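Attaching a single structure in structure tokens format; questions to follow.
Chains here go by letter, A, B, C, D, E, F and G, matching the order in which they are written, and residues are numbered from 1 within each.
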Amino acid sequence: MEFLNNIFVNIAQWIRELLAALGFSPVWVEMGMAVVYLVAILGVCVLVALFYVLWERKLAGYIQRRPGPNRLGPNGWLQTIADAMKLLTKEDVVPQGADRIVHLLAALFIFVPTVLALAVIPFGEGMAALDLNLGIFYLIAVTSLSTIPIFMAGWSSNNKYSLVGSMRAVAQMVSYEIPLVFSLLGVILIAGTMKLQGVVEAQSSVWFIVLQPVAFVIFLICAIAETNRAPFDLPEGESELTAGVYTEYSGMRWALFYLAEYCNMFVMSSVAATMFLGGWHGPLLPGWLWFLLKTFLIMSCFIWFRWTFPRIRVDHLMNFSWKVLVPLSLANVFVTGIGVYIYNNGLGWW
Amino acid sequence: MKTQTYTLNFGPQHPSTHGVLHVVLELDGEICVGSKTQIGYLHRGIEKLVEDRTYPQVIPYTDRLDYLSGMSNNLVYVQTIEKLMGIEVPERAEYIRVLLAELMRIASHMVGIGIYIMDLGAVSAVFYPFIEREKILELMSHISGGRMTFNYMRIGGVAYDLHPDFYPELDNFINEFPRFIEEYHKLVDDNEIFKARTKNIGVISAEKAMSYGLTGPNLRASGVDYDLRKISPYSVYDRFDFETAVGKNGDCYDRYVVRMKEVEESFKIIKQAYKEMPEGPVMAKVPKLIKPPVGDAYHQAENPKGILGCYVVSDGSPKPYRVHFRRPSFNNISIYDELFIGHKIADIVAILASFDIVLGEIDA
Amino acid sequence: MMESIGIKYIWLVPLAPLVAFILISLLFKRFKMLSAVTAIVSMAISFILSLDILRLVLTNHEITMNNPIEIAVPWIDINGLFIEAGALIDPLTAGMLFVVTFISLLVTIYSVGYMHDDPGFSRFFSYLGLFVFSMLGLVIANNYFQMFFFWELVGLCSYLLIGFYYYKNSAADANKKAFITNRVADFGFMLGIIILFVNFDTFNFGKLAEAINASSDLALITLAGILVFVGPIGKSGQFPLHVWLPDAMEGPTPVSALIHAATMVAAGVYLLARGFILFASSTTTITFIAYLGGFTALFAATIAVTQRDFKRILAFSTLSQLGYMVMAIGIGSLTAGMFHLTTHAFFKALMFLCAGSVIHALHKQDIFEMGGVFKEMKITGTCMVIGGLAIAGIPPFAGFWSKDEILLTAKANGFTLLYIMASITAFLTAFYMFRLIFLAFFGEKRSDFHAHESPLTMTIPLIILAVFSIFGGFIGAPFVEHGYASYVYFGEPHHPTPDLMVMVSSTLVAVAGIFLAWLIYIKKAISAEKIATQFAPIYKFLYNKWYIDEIYAWFFNKIVLGISNVFNWCDRYIVDGIAHSIAWIIRTSGYKGRYLHTGSLQTYGLVIFTAVVVITLFLAGPVVGGVQ
Amino acid sequence: MDLQVIAFWIIAFVTLGSALAVVYLTNIVHSALALIMTFLGIASLYLTLHADFLAAVQVLVYAGAVSILIVFGIMLITRGEGRMCETNTFGKYKYTAFVVIAALFGVISYFIIITPWQVTNGIVAEENMGTIGEVLFNNFVIPFELAAILLTVAMIGAIVIAREVKNLK
Amino acid sequence: MITLNHYLLLSAILFCIGLYGALSKKNAIAILISIELMLNAVNVNLVAITKFLTPGDITGQIFALFVIVVAACEVALGLAIVVAIYRDRSTVEVENLDWLKW
Amino acid sequence: MKNEKNYPELLTGRFGDKTVFNPEKPNEVYTDGDNLISVLEFLKNEGLNFLADISSVDYKEYFEVVYQLFSFDNSDHLTIKVKLDHNNPQVPSATALWETANWLEREVYDLMGITFINHPNLERILTWEGFEGHPLRKDFVSKKQSSRK
Amino acid sequence: MYGKGILKGLSVTGRNVFRKRLTEKYPEVKPKLAERWRGSFQLDVNECIACGLCEKSCPNSAIKLTTEKTEDNKKRLSSYKLDRSYCLFCGLCVESCPKKCLRFTKEFETAVYNKDEVVLDLFNNQNLSAPTSSYAQPEKTGVTAGKEE
């Protein structure tokens, strides 16, 4: 149990010792570990994305009383790998009128914020590549970058659908970032730290979803919107904008966008698991497994929502953010602040 | 902000134009300021083609007008010829016709509603109606051998009697369908997003609807209680107890509600027709070679999409001199250009889908 | 001693109307009723606080004229110039605060009805707020500077309010007239306080009083006193700067009531009372004040006899009564002056509001077009009669007691001439007042109009004021122990012994005036027209207000303009000549040089940064060398 | 070779390179994208200066918000006519400005080099966010509130200015 | 060893690049962008000087924070003005925007 | 089916001999192009407010345009037929009365080549812009004539 | 309450996750076709009397047959081609066959690799082994009309 709990930490430690034993100076050991962490994160990214792409298709199938992918591999579990292979080998088409460089770079940049964000997520006790003091702030800052590649993609495609989609995406992501940040503020107030590890440790007795149910709901909604998932999938808006931002993308680059979407979802659900569902806390199972289970639960909710709801219209979307979520989250912060004050200082303050 | 408008070719290749409809939109940001609907991408010249066919040979072509409700199209055509020739159809055949037409209506509405809600973004909502439609298509294949193109109605009756396999399947369908209706109402009716997307969107006043010659659920959603099955009952519709579904506001939401209500009413008719179906022959006595007398006839019937009219001119030869179809969707979408103005792209998709158009019918 | 919320929140007294002003003008402009309510509430707050201060002053005998409470904070503290903002609470202030806030509150309530259909409804209330703020700031001032500051603000507000109907030419002219006339007076006032400050190095009333007492420079004090008195001459409409006051009738009637009864004109008298020591220290000053006041009283009364306009008659009566007050102060009785100011505030406000009520109902101002209004407007009529009786000095109405005290003092202090003049004025007052009442309210209708009683918001203030006009005089009646004189006094409280002769004679004089009016205008025993034609020159002279306005016009047109022309020539050809030639040089060089201005910011930026480099190198070169 | 030194040179190279790209590129959108890169470079520069909080703010405000604002501005004023790659050309001062700026740089760098800086090698606090908060809300509370008001005013002002003027004629 | 001079020179270069852009570009938005570069250069200066000269103190960082606020306002207003100008003139080329001259 | 109103009588009363009836077919009215619009307007006001269809037939010697009028309130039905010259087929447009006439007339124009006067937008609708000829005419010969005889 | 509809919708989709999947696993599990399924064609050449009714009845002229005279002057089929690319699968030919020798089969996987194979040569490849459809054939079971009691 203890062994399982610390298995990844121990592996990291082992690699570190190995590098040291190989005669590298401490600086280079640190560099090496950075590379190892990066590879690990990228690995997690890709694996998670591949898994969730399949799981989404499966769950969507179940919701629609279909079995979902069921051909390749046992019960269809190798389907995404096959799809990925197919997409990788497809021709990389760049439209004639497109801004070639930006068009190509966009698909790469889309991964940058995701990978950066994953670096601070604690997958288990001590299982974060970086444990920044400003963890949550860093997360917010980094995720705010994710608008830019989408804008790049939409603009460079030189397609009206793409441009409209990217404009929608930018407006939507900027608007929903605000309630997202505010909903996290309540947790920060209670936990008293911005360190993600610290936030998880603060939840050892009670999960913050109990103390901050409103914030959790707001966070969930904003997370869906930030990741451009249905019912907030306006930038893609298949029935409106054909494929929106991704209209002109094909082959591998389209696959990258597709994977990035799932990675982003994974980041968002890990943040939710960390901030509200107690991170690695849980009985019996190893911490990182608990963490992944919670993430899986939230991801499944994302998928469930997507296959149930119609798409929201763009003006309703903005109204909902500015007129409902922002005031609600502000009120939540306010109430939480008062609550924390009373909890700390008692009621004798007058 | 004052911004430059831009032109967006909405279709002919677009996921939500139900085929090959082409709308040239003039957009100011997301809001439509001008629209031009262009059709004809699926024009096959059926009216010209059938001038070279004998009267019975026309029937397969009518299947391909509104390919989601072939049986109803068959019915209109054969009834027109029967009117032209003055043929009395056996009662059992009439009951079968009504039964099948109403099944067809349910099938067509299942697609209409499903695709409508899918175009609004709820993808699962298309699968549940398609499951029910699948059952109806199975039923159809039991009696005619085909799933969408039936060629089952004949001048003077129907081609064959119902197949014995048909009855248990229909029982099965009748047992399971109410549960679907209940579930679907739960899934869609009260959904706030759905309501926000459809209420007060694409509002058509009763006057406008009448002026534009809208028919079918689109007309009734605007509050005009006009249903040929009630107003001038053809076949044996006067023997059944059902209501017409009428909306109030003429918005997209009402069009959905009316369709759902109509499905329930059709289901009632099916149950009655099934229960009361008489025994007897299914074909009237008609000559081997059908040569209607010189003259013309116009007949129309309430199809799932609206009123399908058929105008046949005979010159006394075995081939029709002229056949013209009044296709309901063709008339219905002529209001699009006016209706789109001032709506957002997303609303345009909603309006487009709420009309339940079939391009095969529009372009003929 | 300080357990009074009124004292604690004294700053709120003037501030509440200011807040109302700010709120209304910035936020509530579109919401009529909200602005009215805001104004009323703010006035009510001031009123309640003033009431509390009054209560404190009345019950707490430690606060006397010689031992006021003074609350002050530093306002301006520059080298050598120390000015504080503060409040001085003594019975004088308390009484004045009460009068001002009370009248203002009633006027504000009244205005809700009066201004109801006016498009500038909210604007009116915001001005009212500012006006009351200024007046209250003036009243609680503890130094001349603060007083002057608010004095000017009052002037500004009167300008705004008189010109309320700014789209009317006459209103625009009237407010300009008021403003300019007041500026002339204020200039004198300002000179006066500057002289005081230069010599005594303080603005504070208390310190000044000590300094003046200690000073021996009589000429200086006389000069300062007269200069300061110029302020009240303007503000309180003493001859010859009275000309603005009748014209000020162009403002809405509630404003007239406010200006005439409680705020603006009272400010002058209040200043005289507040700075009494300054005037009393010089016999010349005080005598000048007394005679000027007496003359104004008589002068205005004679004019009022011939006027036809309802409000204008009241305006001249105000002038006349102000003359009374000033005279009272001049003859050395601060008590009598302030007492008369208080009672006058009640009945003059009452009469103006009645006038407003009548005008509101009739849309007419000429009394010769009225008549018989009493039948339709019983409340207003009754109130007007009460007001008339009060001003005429019929016992036991309020005016009787205060006027009596003035007459008594005049007689007692040996100003016989003034006593006679005042008596004549009293007679004339009774006459013209009842001329007005008889013509307007009684007799037959002389033109076509439909009168109707005014709404409750207008009549209730009337009734309240009427009550005060009847009984308000008892506070200073001779038989009342601890009456007005025990609180407001100068030096030592002294109760003038009631003189039955004075009382009876003044009553008789008043009754005679009323009787004469009755004879002429009701009984028609004597024909008014006949008198007018018979004494045509006098009548014309009086009707045209002694040609004062014309004299001013002549003075300014001929003399001032003549002098101005000389200066104009000098200015145009000598001063301007030099200036123009300089300008020409500059302009020509600019004209040539403007081609350097491309209008392109980048060019400018480039030049700037080139200059930065060059200058840096130029300046820093030696320094750098030094470092190396 | 210290890790810090390597990091500095890489960051400096990226930052200055993208800053040059901002100015040099003739497509305004490319310029804006290069600007984002510069912002990120500066954020990492802050990290090397132990200003973590400022780095996060830099990313959040500049890279996340300001750049998007600029991009929106570009979208609003750059219309279909004309070619994108000529939207950000040099004006008439291309060479003149270069000379002046070169001189200016010479002056500045000369002064930087000759100035004897009083460098003290103190230790910067590991976690300075709390300190920033305390200082901000104690010593700088009025500037802080003013900044808030300034932002509000700027926002409203921007809306007012950019809003369509109706019925101008 | 990276010294203060490194940072200061870097920021000087950045500042000069920005200034060059501001002085030589035609497009008004490009000028705004260049001004952003200059502001950032200033911020680098502030932070670097605080770090090297007064390590315990964080006033420089706070000042940089305020500069960021001002820069945000500047961009918002600048862009608004540019958009307003564009609406009026259909151009944002500063060489055409010379109404400042007589 | 029997109509509630006797339209032949009404029309004769209003238009006299400008409308022609076949006594065997009470639901059919022949009129000419000049009177068409006034007849349609009259009938619209009489309750036949539903223009279901406009079709056309090429009788080789002449064209016939057929209007199918129904009522939204009852089952009344009347067919209006207009005979047109084969060389110059022209008929006034009913777009002012019914918006639906717009597309229906465009379809007739496109496929049969009958010109509708005062039509706001008389363009081809089902065939493409450069299409030559009008397919439903009996003399239409396609370049790729169907294999069938 | 706002959001109730959303929760109801979620409950519907959520419940469906646990219901039976309806998909037929096609290549492994063959679909159950209706008795009257209109699949491919078979022609019993021996029965055929070469009457040509099927050729005439076809709306699209998809059937081409040639006949030859036998020695005993009887018409005999010499070739029979059915072009499925033109075929509407309307069944009119099968219905018209007097000898019921042209039949539908239940084959439904009719995709072919070469374009030529679309044309069925029913003369040489009669396809008699394929399961036949009951379309227009004497029904094998319960042909009597009416419901089964």
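As a working rule, contacts are C-beta pairs under 8 Å (C-beta built on N, C-alpha and C of every residue); 3 or more make two chains touch, one makes a residue touch a chain.
Being a predicted model, the structure only gives us computed values, none of them experimental.
> Smallest number of touch links from chain B to reach chain F?
Minimum step count, chain B to chain F: 1.
> Which number of steps is the smallest that gets you from chain A over to chain E via touching chains?
Minimum number of steps from chain A to chain E: 2.
> Farthest from chain A by Cα centre, which chain is it? Let me know.
Computed centres place C farthest from chain A.
> If you count the contact pairs for each chain pair, which pair has the most?
By number of C-beta pairs in contact, the leading chain pair is D-E.
> What chain lies farthest away from chain E once each centre is taken as the mean of the Cα atoms?
Taking each chain's C-alpha mean as its centre, the farthest from chain E is G.
> Can you give the whole-Å distance between the Cα centres of chain A and chain F?
Spacing between the chain centres: roughly 63 Å.
> As a quick test, compute the distance in whole Å between the mean CA positions of chain D and chain E.
6
> Nearest whole angstrom, what separates the Cα centre of chain E from the Cα centre of chain G?
Computed value for the inter-centroid distance: 77 Å.
> Averaging only over C-alpha atoms, locate the centres of chain A and chain B and give their separation in whole Å.
Chain centroid spacing, chain A to chain B, equals 45 Å.
> Going by the touch rule set out above, which residues of chain E reach two or more other chains?
19, 23-24, 83, 87, 94-95 - these are the residues of chain E that touch more than one other chain.
> Out of chain F, which residues touch more than one other chain, so two or more?
Those would be 148.
> Which parts of chain A, given as residue numbers and ranges, touch two or more other chains?
63-66, 307-309
> If you look only at chain E, which of its residues touch chain D in the complex?
Chain E reaches chain D through residues 1-10, 12-21, 23-27, 29-30, 32-34, 36-37, 40, 43-44, 47-48, 51-56, 58-59, 61-62, 64-66, 68-77, 79-84, 86-87, 92-95.
> Under the touch definition given earlier, write down the residues of chain B that touch chain A in their complex.
6, 8, 14-16, 30, 117-125, 127-128, 131, 187, 191, 193-194, 196-197, 344-347, 349, 353
> Mind listing the chain A positions that touch chain B in their complex?
Spelled out, the residues of chain A in touch with chain B are 60, 63-66, 160-161, 164, 230-231, 233-234, 237-242, 306-316.
> Along chain A, where are the residues that touch chain G in the complex?
Against chain G, the touching part of chain A is residues 59, 61-67, 70, 304-305, 307-309.
> Per the contact definition, I'd like the list of chain D residues that touch chain C in the complex.
Where chain D meets chain C, its residues are 91, 93, 96-97, 100-101, 103-104, 107, 111, 114.
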